[in-house]
Amino acid sequence: MECADDLFGGIVMCEERYRGEGYEEGFAEGKHIGETEGKQYGAMYGARAGSELGCYLGFASTWRLLLLPTTDEKQRKKIKILDSLIKMIQSFPTEDPTNEKLQDDLSRVRGKVKQVCSILNVQPDFSVTYEASGLSF
Amino acid sequence: MSWVRAAAAELQPPGEDEVFDEEADDMKLLQNDWKNNMEKRLKEGYADGVEAGKEQALQTGFNVGYKEGVTLLLPCGELRGTLSALVTWCEVHDADPATCARLGELLSSVTQCEDNLVKSLSSIHRITQPSDISSALEDMDLTSCTKPSSEGACNGGQDCLLNQESHSTSFSRCQTVQQLSNVMKHELDLILRDTIALVQENNMSADLFSYLQMLKTKYCFRAADHV
Amino acid sequence: MAQQCSDWPAALPTRSQESRGQIRSRMKDSLTLLHRVSAHPDSRCWFLAWNPTGTLLASCGGDKTIRIWGKEGDNWVCKSVLGEGHQRTVRKVAWSPCGNYLASASFDATTCIWMKKNDDFEMETHREDSMDRKRKTCLDYRLYDSAERQGFQKQCVTTLEGHENEVKSVAWAPSGSLLATCSRDKSVWVWEVDEEEEYECVSVLNSHTQDVKHVVWHPNQELLASASYDDSVKLYHEEEDDWVCCATLEGHTSTVWSLSFDQSGEQLATCSDDRTLRIWRHMTSEEEQGKKDPIWKCVCTLTGYHNRTIYDVHWSHLTGAIATACGDDAIRIFEEDTGSDAVQPTFSLTAHMPRAHSQDINCVAWHPKEPGFLASCSDDGEMAFWQYQRPE
């Protein structure tokens, strides 16, 4: 029946309209929630990265300055390794968490730090526990 | 939803008005059904919309927060690393125990500062205030610990809460990341000054002295007290 | 008394798609027990290593000691006990290519380097004179240690530290100037030793995502291989002054416990908790000549032979036979079928000794000079010596 079809079509159109209105309202709200949530997680991850990398940078830079320039081959080796660690950290993509190589680069930096500590014969404790957030690095 | 009824009425073939009049109760039921149905669609749409909006904004929000976190903690981390290096250097070279102890204390201070910083950063983001309210708060400058101005420093003196209250309190009073940053810079500056003094006292490398001064500038720590 | 090898199992093992081996109908007497020794009583015997000339066998165990064994007549005699080096289980030992040094990896997170002071046991008489003198002068009789007598320094020469927890393996590169260690901390460390016997960490590699169980060096290149709880095998080489992971071999579906190169270094056998033994081959082609990273492919998977985790595999460089140590207490030997395609080789089970030990077998080690001579050790603290003969 023609009138029934039209009526049905009208209902469907109606449903779509309501769904659409709801969607738009929800989308705006969701965006706000997502941004806030995302920012919260991002801030924690960023804090960890900044803290860790900053620490390695400070450590390496300071030791680099404490090792006086010398002709001693062993000392020169140490300086060379420190320089390569500093360079590695300075070229780390700190601004971009979506960088695919992030995890690999971080592993390489951590490995280099361990090597540096080994050749300097020191065992610093770089771990930090943040009670509030329950994060420990 | 009168337009629905109007639309329905329009589509009614002529001469069936009696049907509506006679079945007035049924009409009410139909109307309720209709209302419920549309409300359901509204809710479904809303739920779908929230999911979609969240998904879209999560990554962008994350990226913004990430940069914020990195920028905030980098200076703290670097100072912590510097002090770790000095502590280990002293251990290796069997330096004066008093110096070692003092360096150890400074290292603890910076670690504590970091802990407070992260705690506060975490709670700032947990407060889900609509953005307009928080910016209004900022304008009103309700927290007297620091002015959120470009100067980035308070004027010191007895009125300053920073001098009176404990560090963790001054951190926890911060409502925005900018305020956090200011408090942090003040704290780190104090630690850095003590470190520089110690380095000078012990006649450590001149290059190291310059490096520490450079850190001050790099992270825009407060240059000097205004007396 | 010689043990007989079992009859062919009633059910035929399944074959993987990659391998179609021939069925050997006669395996009797291919593996014969020669000796059984209680190496680390009341403890586990974790690993065995022959010195390069095959005159000495080092064992290590859960009792925190390393023992050096030598043959005297028909008997295996403990010539030295190195008990002062580690605070916890010693998991692996490895001889340097020159035979003068022994490295030991321990759960106490350290690696010890021991030095052999004299390499001539026939000089014992001379030694005893000096020992007598020592005995007279030393106050505490316990200081007189059999280690001194047999030429090992009582204290280890160097202790390598750095790993965060249990060191699982140690291996010496064929050049003798590099050493590799791996640990539960997921890292692989490469160390360099100079003429002054000083060890320096050259690289810390964090490529694995889990506990690293074993490391081995290529027989004639500076290529390192590691096996891990993350189910993969990784290869490393030096690139521009730094060590990098140049290949990842994936295929096993559970922890890879051990690995062993063949004599040429072109093939690698790996064994796993997934109860399979896999053979990998280094692929070389013209296109790959220019590329830096090697390509390795799995060319054979031996499934259905082992009933439990395979803890160790060793490829004999003398005969090409592959021995496996299994959690079902059995030793198995495999050989490549004659005439099998190099790129798609087939292997057959040529010996199977069930109940070779009364508990899990942790290690199998072919003698470097005597073909077919095999040592094994187990959680039961014992080590056993076998003679293998390839069946007709």
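Labels A, B and C are assigned to the chains in the order they are written; within every chain, residues are numbered from 1.
Just so we're on the same page, a contact is a pair of C-beta atoms (placed from the backbone, for glycine too) under 8 Å apart; a residue touches a chain by one contact, two chains touch by 3 or more.
Predicted model only: the values in this text are computed from it and were never measured.
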{"item": "Required minimum of steps from subunit B to subunit C, each step between chains that touch", "value": "2"}
{"item": "Chain whose Cα centroid lies nearest the overall Cα centroid", "value": "A"}
{"item": "Chain pair with more C-beta contacts, A-B versus A-C", "value": "A-B"}
{"item": "CA centroid of subunit B to CA centroid of subunit C, Å", "value": "54"}
{"item": "Distance between the centres, which are taken as Cα means, of subunit C and subunit A, whole angstrom", "value": "40"}
{"item": "Inter-chain centre distance, subunit A versus subunit B - centres from mean C-alpha coordinates, in Å", "value": "16"}
{"item": "Residue list for subunit C, restricted to those that touch at least two other chains", "value": "none"}
{"item": "Interface residues, subunit A side, partner subunit B - complex", "value": "3, 6-7, 10, 14-15, 18-63, 65-66, 68, 94-98, 120-124, 126, 128-133, 135"}
{"item": "Subunit A-touching residues of subunit C, taken from the complex the two chains share", "value": "161-162, 187, 200-207, 242"}
{"item": "Parts of subunit A lying in touch with subunit C, wherever the complex brings them together", "value": "77, 84, 107-108, 110-112, 114-115, 117-119"}
{"item": "Complex contact set, residues of subunit B against subunit A", "value": "4, 7-8, 11-13, 37-39, 41-89, 91-92, 111, 114-115, 117-119, 121-123, 125-126, 128, 204-205, 207-208, 211"}
